[in-house]
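In what comes next, chain A is part of two complexes: it sits with chain B in the first one and with chain C in the second one.
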Partner chain A sequence: MATVGLNEVVKVYDNGVLAVQDFNLQIEDKEFIILVGPSGCGKSTVLRMIAGLESITEGEISIDGKVVNNVSAKDRDIAMVFQNYALYPHMTVYDNIAFALKMRKVPKDEIDNRVRHAAETLQLTELLDRKPKQLSGGQRQRVALGRAIVREPKVFLMDEPLSNLDAKLRVEMRVQITKLYQQLQTTIIYVTHDQTEAMTMGTRIVVMKDGIVQQVATPTDLYNLPVNLFVARFIGMPPMNTIEGRLGKDEAGLFVCAEPIGTDSKEQSTHAVDSVKLYLLPRYETEEVLAHLDRPVILGIRPEHIYMEPEDVERYSDTKLQVKAEVVEMLGAESYLYLKTQWDSNLTARINDQVHDVRYDDMITVALDPDHIHLFDYETEVSIIH
Partner chain B sequence: MEKKRTQLVDHNRVFTNVMVWPALIILLLTSLLPIIYVLVTSLTDMTLITMNRGGTQWVGLKNYIDAIQDKDFLHSIWVTVKFTLLAVVTETIFGTLLALFLHGSGRPSKLLRTLFLFPMLCPPITITLIWQTMFSNSYGILNQILGVFGIAPVNWLQDINTAFYSVLWVDIWQYAPFVFLLVYVALCQMPQDLHEAAALDGANSFQRLRHITLPYLAKPMTVVILLRLIDTFRLFDKVNVLTKGGPYNSTRTITMYIYQRGYNDLDIGVTSATSILMTLLILLIAFPYIRSSFKQMVQRR
Partner chain C sequence: MKPKRKVWRGIVTALLLIWTFFPIYWMISLAIRGNEELTSALSFFPKSFTFEHFRMLFVKHHFEQALWNSFIVTAISLIIALIVGLACSYILVRVRFRFGLRKVSFFWILLVRVLPPIAFAMPLYFIFNYLQLSETRLPIIVAHLLINLPLIIWFTMTSIDSLAQGIEESAQIDGASEWQIYSHIILPQIYPSIAAVGMLSFMASWNEYLYAVIFIQKRDLFTLPLLLSTMNSEQELTQWGQIGAGGIISMIPVLIFVIFAQRYLIAGLSSGGVKE
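The block that comes next holds the complex of A and B.
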């Protein structure tokens, strides 16, 4: 139960690699913070710096308001769950869980009580006499969790704890960790590259890329209001669609004239594609958006906001598009449509139904939900709507 | 389809047989036959003189009974056991400490690692001759160094108080690196996150060594110790070059005893019987190792 503060933290490895830049984050008590990003983005390094397993090049890390830069790992009162579990191979499950308490010279009968209680919480009671070798992946993961919770530490750190499990077990363990969090009411910092884990478990998510924090927000805000194109594409499955175009204005209002930016204009004219105008709602007419008039922008739209039902297309006729169907994936409850626009860019639509009547090469008309259009600056890829 | 498959298997079996038989025949000729021959001669009173003239008699287990009652033979077993235990224990401690030291030193130096391995890579006879020169009474470097401090020269290899330990030292010097190598490899294979987990669990570096690293090393170290036990028990080259079993039999190992009974006394019956006895002793030591590696083999199947 503690707060964790990271203030202008920088990590440069001995070989000169800059792993983390100017990392600022205040973690409140009982928060479930997720650090997420592609591999090599520095998320694990941040976690290891908090744990005390990596030195801090610059900046300060504090736990409960006390700077811990020079406190060694063993004295920080932090528990960590490792990706490969890191169970002590020669010890039984019981001894693995009890080890930290033995090191802290907790009385024997109290150790016994706490180990058995933790084992009960994680349904490990039957396995206490086994060695790690005799356990399945999911059981090992639970032992690793047990080793952490038995200590009642200030902060829990978890470094991709589910990435070695198969898909089904991962979902089960995800739920179990969420339950554990609700029971324990403690601060958890969790590293993952899996955006589903991030979205489902965290109270706040930190998205990182190349050692730099991109956005810190609740799952809902992150999904609805990504601050830049990277976050927009990273969160959500299938990822957000992007359409390059030029921002324009006529009597009907603001629009994005869809056309590939950066190709030769002469070549474009020979292709003679009818330019498609996608009109924006009046509320998008802010100063920041107007500043991009006649300049290239990127329009973003999530797959579930592309509609193909005739009445929807009719309703949103200001944002309709002619597209060619390429692949239809029927997943049961929903279908993914992989589409190609006239100017040869790809779109994915997610239809909340079973789609049977669309074949390869069919021309269909779809409409974008104007309420859920995102706009990004073409150069900086920063969102220009808020 | 089924038929074709069985044909393929049959063909494979023929091929395997063809490949295995030459090796098997050579093994039979060079190992099994001599063993049988030794077993046979150990039951006779054959000597090098009676060997080709006939007149060799069956004596039953007499050679074995004589050997067990021979004080010199029993003494050689004692020397061998003492030597083996002291050598293996010291080698294990030295080698493990070296490995822990080098592995724990942050960035292990490749130069040091190679230097540590050097004694093991040299042929034993070379090592032995080098040390013989260094131990030399009149021109050896050890006595020269002692001389600098005004200490009288020590007759390392002929003094009853020092000969045994001098040979012992050469063996330790050569084979501690072997322990070092295997323990070092095991240390390198040890997952780093075990140390990290233990550190976060509140263990200091000594506790980590005691509760995590050493238990982790237990298995590879058992193998190393067994290999060294078996190998040291058969020690011959160093003794033969340095002391020939002397002074006063203080370095006369079993192999040395057998060698001298065979080549000096020409007594083939006794030599054979004591060889068989020594083989049995080695098998006794090797038994746990053979059993565990056999188990692993079965498991792999």
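The block that comes next holds the complex of A and C.
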């Protein structure tokens, strides 16, 4: 039940490694913030700095408006759930949950009430007398959650709490944590490398890479309006397809002439193919976009925006492509098509149906939805169109 | 298993058992024989039975005094060694040292254990003499600390080091102070090693002779090993029966301590807290 502010936070480890760079974030009360990024991007370091387990090299962290840089972890009134559970192995589940309250000298009756209430919320009542080693992974993680919620802290910190669980349990716990969030109505900061967790649970997501914040946005905005290629490729499963090319213009309008950039000319010549022009919608013809004319760009398209139905291909004939089918993955409600373009780059299409009539090596024509095309600068990878 | 191997196994086990238990049997059998039997050629089984030697221990030698002395010296040195040693280990493992001081400190602590005990006896003797403490129990207690501290630090350092550090961080966030983390989280997890090293230290202290013979001059401060050794003196005939009886009695506290400490020798006490 608090706000958290991070102001120009920098973390440099003793060995000189720059883990976090100029981190700025204002977290509102009752937000479910997700820090997401590949391993080593500094997201856990940020969390540990908020927790007080890691010193802050530069900048300020405040909880409820009070700067906590020099407040020790035990006095910050935060609770944390660790990836490896970090339960007290010599204590029963009851004592594990009660420990923090005992340390704060809460009266015994109240401890008992609160522990039993937390246990009920997490279906742990039956397990209160057990030791951690007698529990399964999912139960242990529930105890770790119980230990956090019993405290009724200002802020919850969760450091990849689900990554040690198997796939099925992970989905269950994901739902449980979301429910818990709705029940508790408190501020949660959650670290994960799993974009599915990020997208499904968070109210706002912070995408990090190499210690630098790439984008802070709601899940929908992050998905629809990624600010750069990294965010675009990191969020979404399967990831966004990219097609390298050059921005051009003729009488029919703006187009991306698809061709691999950056490979040497010799290689290019062996793959000599008819260049494919993928036309952009007239509304993109702005000054900002025109500035990239004749320059290399990267076109991005999400798998669900590649169509193969004849009527769709007909409708979007300005953006159609000849591709070779490589693999068809049938997932039941939908199918993934793994495709290869004439210039040898890979595309993935998500078809909202069961695909039966495509075989390996079949040549098919697909069309890109021009409304959902993203365009990125080739060098800076910053978004031009989204 | 093949029957032949089974037989061999049985034979080896039996030999080992005889090897270990024979001295104890012999001690008991000496302690309960009459004096007349002890002076002549000894038979394997005692022909007479008496408690006289036990009685004589207390009447003639004030054995109870030696028992008490040994108990005091062992208990005080063990308690101090455990308190100081465990705290030392925790600091050596968890506190950050600069300039490789950790290695240096650890080396010095181990060195005390590695050097022959007699090397420390002379300097200590002079120090205590100078301080006019040689008539007290202090020198022998300090000497026993010297034996036990390095062992305790060495032993428990490895166990503390193997504990998952995330658990301490978790306690820190739960609001535990450094002292509470140490007493509520660290120590309970290493009870098995404390029990094991406590046993070893107790025995080392209880049976210690070299320092006792150098540091203890007053007869009413004699510890058990020292008193038993005086019964084998040149002035009078060796009292085999009383030595045996003394041996038996001095074994009892060690046994009690071992049985008590064994309850904590449970393997895997610290497992299950974190996902490995």
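One rule holds for everything that comes next: the second predicted complex is superposed on the first by the 376 of 386 C-alpha atoms of A that agree within 3 Å, B and C clash if a C-alpha of one lies under 4 Å from a C-alpha of the other, contacts with A are read in each partner's own complex, and residues count from 1 in each chain.
We take it that a residue touches a chain if its C-beta (ideal position, glycine included) is under 8 Å from a C-beta of that chain, and two chains touch if they have at least 3 such contacts.
What you are looking at is a predicted structure, and each value in this text was computed from that prediction instead of being measured.
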Chain B and chain C placed together on chain A: clash or fit? clash
Look at A:Asn164 in the shared chain and tell me whether it touches chain B only, chain C only, both, or neither; answer first, second, both or neither. second
In this superposition, the partner of chain A with more touched residues, chain B or chain C, is C
Task: Contacts of A:Ala258 with chain B and chain C, given as first, second, both or neither - done: neither
Have a look at where A:Val216 lands relative to chain B and chain C in the superposition and call it first, second, both or neither. neither
Using the superposition on chain A described above, determine whether A:Leu135 touches chain B (first), chain C (second), both, or neither. second
TODO: Kindly classify A:Phe99 by the partners it touches after superposition: chain B alone (first), chain C alone (second), both, or neither?
DONE: both
- request: Based on the superposed arrangement, let me know which partner A:Asn84 touches: chain B (first), chain C (second), both, or neither?
  value: both
State whether A:Lys74 touches chain B only (first), chain C only (second), both chains, or neither.
both
Footprint intersection on chain A (chain B / chain C) at 51-53, 72-76, 78-80, 82-84, 86, 88-91, 99-100, 103-104, 147, 151
In their shared complex, chain A is touched by residues of chain C numbered 164, 166-167, 169-177, 180, 184-185, 188-189, 191, 268-276
In the complex, the residues of chain A that touch chain B are 51-53, 72-76, 78-80, 82-84, 86, 88-91, 99-100, 103-104, 147, 151
Counting only contacts in the complex, chain B reaches chain A at residues 191, 193-194, 196-204, 207, 211-212, 215-216, 218
In their shared complex, chain C is touched by residues of chain A numbered 51-53, 72-76, 78-80, 82-91, 99-100, 103-104, 131-135, 137, 140, 147, 151, 164
